[in-house]
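Here come two complexes built around chain A, the first alongside chain B, the second alongside chain C.
Showing the complex of A and B:
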């Protein structure tokens, strides 16, 4: 008797408390979202404002809220000796990295998702473990080996190193991608007259393509942003990151901003271009 | 002509034996239903026939050809998967046309066949849609149409109606039966729904724990279960079982009633009778009524007989009340006997 009373009384404040908690939760969510947006967008905003300002404005104070759209800094940067070449090297290395990591990563991901073999779990673990080796530790022996084999200072040599960085992600992303596509679709294709390869090409590939494109872009971006190996392993054929690290250390502020923008903007555009595929990837995973 | 012969097929997954020595022959154009509880190996057997799974031992023959080493596409089969497996990136038309295009049929023939099977399955108006825009029942029809369009010798279906609502299932069941009879294919149809099995099958193969316990016509399986499991699995409500002790040679004592039965060396065997094969009367098995369920045409009465559960289907005109003591007389020609050790019928 008293028990039911007690619980009835206790319920009302409890309900109010959960409503309060939910409200607080909503606020927390909104605040976190805003904070994260600022965290990401503010540096990009500052970078772009400064890159689009004239050299004088960059060092001036107070700052303008809108850039003056003066391309002085940018033209200076583009015409700066070696920039065009470094840009080309970056694109080349990143493209090679992309091709290599998808070329090796996607088949590995497919095999992991479709076949059972002894040591499969260990293999998956090892794939991740490769990320545990700090690159600086490997850099010196790698440089020695590259010089011996003649791979030093070449785009393909650097792309190989970048591929080792990007490959684990390519394997794991494509693994989850292929795992998300029901085996029955593939088996249905076999019973309808396909060989294994035809079934892959006609059924699995079209479904996985968005995700593969996304992980390709991801590999591209990893290479595009990588600086350490690029700085150690190249001398003449520097990529943009290595070039900026080397030559802009002592250069004026406006040149750094222009260089930073030149690095960030392509990466942003790439991600923006494949955003649809990135969402599509989640769509497949959720279905 | 596609007769299927499964000869001594066994399948092991690691240490687990999913199929023990399965032997089954399915005649040309026969409709064979594999029936069994969940996990008894129905899908595994079907996949072995399709070539999606390799048997650990045994032989597979289709149409007089040994097919063990052949990939699915060379076996002359088409399969309808339990989860439909309709390709999401293709329209319904292209789904149905998929296998025909693989055969490199001319466009005209592809269109003719797609339209014909679509008409057969009543999905003509859906041809331009994608699978995401279809209901479960429609997807089901697409999967069946895709298999039929191949005009295969053998069609394999894995619980194709399991995800449909009761009404649609009833409708599709009748349609499938008509369509498949007309298409002259040999069919293996997997289900765990006994009503579906009874209504569709030429023959039912009842599976239990990786073995085929009985393969016979629906009536035979119902009337003369080859093993205790078949009697308890088929029929709703299932068969009643009571212990029988030897009274004399060829005569057995069941719940105090002495009945003529088989001659056996055993001292105790099992008596079995279907619930609808007993009549309430003056003499018979002594029963105390526990639960009464009026079902319209009949009344299902659950009783205690010798401390065990016993179900009887009585005329709805019979007036019984909970606690009543009844005498349930089994129809002599419907009594079955089972060996309690081998569980086989005697």
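Showing the complex of A and C:
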């Protein structure tokens, strides 16, 4: 009797201590999470502050930590010789990359998810191998090949190189996408008289479309952000990244920061749009 | 249609594409590196290694990778642990941590330029706090160390997200029961992390480290934005050989060196962090 009483008394502070420790742990967790968010967001905020300040404010010292919402830097950037064209080229190349990588990648992803056939592992290996190489370097030998074939300094030529970067992701994400759609749905459509193509178009495609759109957006982002191959392969038709890289030496600060913001803001929107699919793109490499 | 031929037909475009634009240029770059005017030679490598910048270039690239990758690994593990333990705001935290994944390395360099520039935010902060009277030139040609530190910070900021996403996916694969069992036996959170999470996370750790190390050898635009030519790195020198010096054979040799280093480290990590088949979950 006394024994149980004693242990009950001893347990109460112990339980309280565990609860305290847990509470402290929770606080620590939240504080760490907030700190890490600040680490990611603060530098972007500072770039945006610069982009939304007048050229005089950008080069002045000391600086203010809040934007004056002056669009002087941005208008200077947009009107700067070559910028509008570079923006257009970036969009064009990224759109072509998107079309090519989905056009080539989605059928492959479907085949990997639905069929077992000899050579499947070889193909998967080929796709995964592309990740183990610094792909932009391949732009160097391609530069010569493109001059011979007339693809040099064209949007399609650069888009082909960017597609080697984006294609593996397109294959892997569509693979995981189609794997997540039960085969039974397709089989049901076949028994109801659909051909293979009809079943795909009427049953599978509507289900897979959001994911395919996400991997298209991701392909667009890869191309939009790529610097090295873009700078190697374009001269007259420079993309925004190539333009900014090659004018780094001489361009004024406010041009750089406005350009940086022009690169970052669309990327933020793209990543937000595909956030649900990030794991399909990267996680699958675990197996 | 013949059911047997269909998968091959579907794979054909992607395979052909990868052969023409991945395997073929890969062979071509090796060919160009070892030839000059059609004859076999090692001169391209000699020219590359004979450049006065070459030792610094290799040292900077390797040193950057050696400093950046371990810090990123630790931060990515921290981020992934935080994300997997958060109950509210989990998806918001995940999105914010993943943001740099979508940001171009050039943009990342410009973002950190806004901070480290002479009239930038770091100098403003230091002078507001009364630590300095005049702005310091962090990125001048005389301040190699502070350029290096700026590049390290920008690289950590930019590319931790890739590792984080892979590790979060990997942590999701570890069955909850292991943690619950360890908790029942009184293991502290730290002990659970070291004894359960880390060993079971090995396949993801392997993928994350390999991907990240390869990207580390590709560092280019961040350095160009922050240091210009004051901090030469391999990728930047390759670009120089191709553009400024107009010698694509030496550029190819340089590219081949980067490829060789990347493949070497990939094989190393595949071996060191090997996961026996029966130990996989």
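One rule holds for everything that comes next: the second predicted complex is superposed on the first by the 228 of 287 C-alpha atoms of A that agree within 3 Å, B and C clash if a C-alpha of one lies under 4 Å from a C-alpha of the other, contacts with A are read in each partner's own complex, and residues count from 1 in each chain.
The rule we apply is simple: a residue touches a chain if its C-beta (ideal position, glycine included) is under 8 Å from a C-beta of that chain, and two chains touch if they have at least 3 such contacts.
A quick note: this is a predicted structure, and the numbers were derived from the prediction, not measured.
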First (chain B), second (chain C), both or neither touched by A:46: second
Touching partner for A:187 - first (chain B), second (chain C), both, neither: first
Chain B versus chain C as contact partner of A:206, first or second or both or neither: first
First, second, both or neither for A:198, with chain B first and chain C second: first
Partner touching more residues of chain A, whether chain B or chain C: C
Touched partner set for A:160, first chain B, second chain C, both or neither: second
On chain A, the residue positions that both chain B and chain C contact, one per complex: 287
Touching residues (chain side chain A, partner chain C) in the complex: 25, 29-30, 32-33, 36-37, 39-41, 43-44, 46-47, 49-50, 58-63, 65, 100, 103-105, 107-108, 110-112, 114-115, 117, 119-120, 123, 126-127, 130-138, 140-145, 160-161, 163-164, 167, 171, 196, 221, 224-228, 231-232, 241, 244-245, 248-249, 253, 256-257, 259-260, 263-264, 267-268, 270-272, 275, 278-279, 282-283, 285-287
Chain B-touching residues of chain A, taken from the complex the two chains share: 182, 184-185, 187-195, 198, 202-203, 206-207, 287
Chain A-touching residues of chain C, taken from the complex the two chains share: 1, 4, 6-8, 10-11, 13-15, 17-18, 21-22, 25-26, 28-29, 32, 75, 78-79, 82, 85-86, 89, 91, 93-107, 110-115, 117-121, 123-124, 127-128, 135, 157, 162, 165-166, 168-170, 172-173, 189, 203-204, 207, 210-211, 214, 217-218, 220-221, 224-225, 228, 235, 238-239, 242-243, 248, 251-252, 255, 258-259, 262-263, 266
Chain B residues touching chain A - in the complex, by the definition given at the top: 50-52, 71-73, 77-79, 81-83, 85, 87-89, 98-99, 102-103, 146, 150
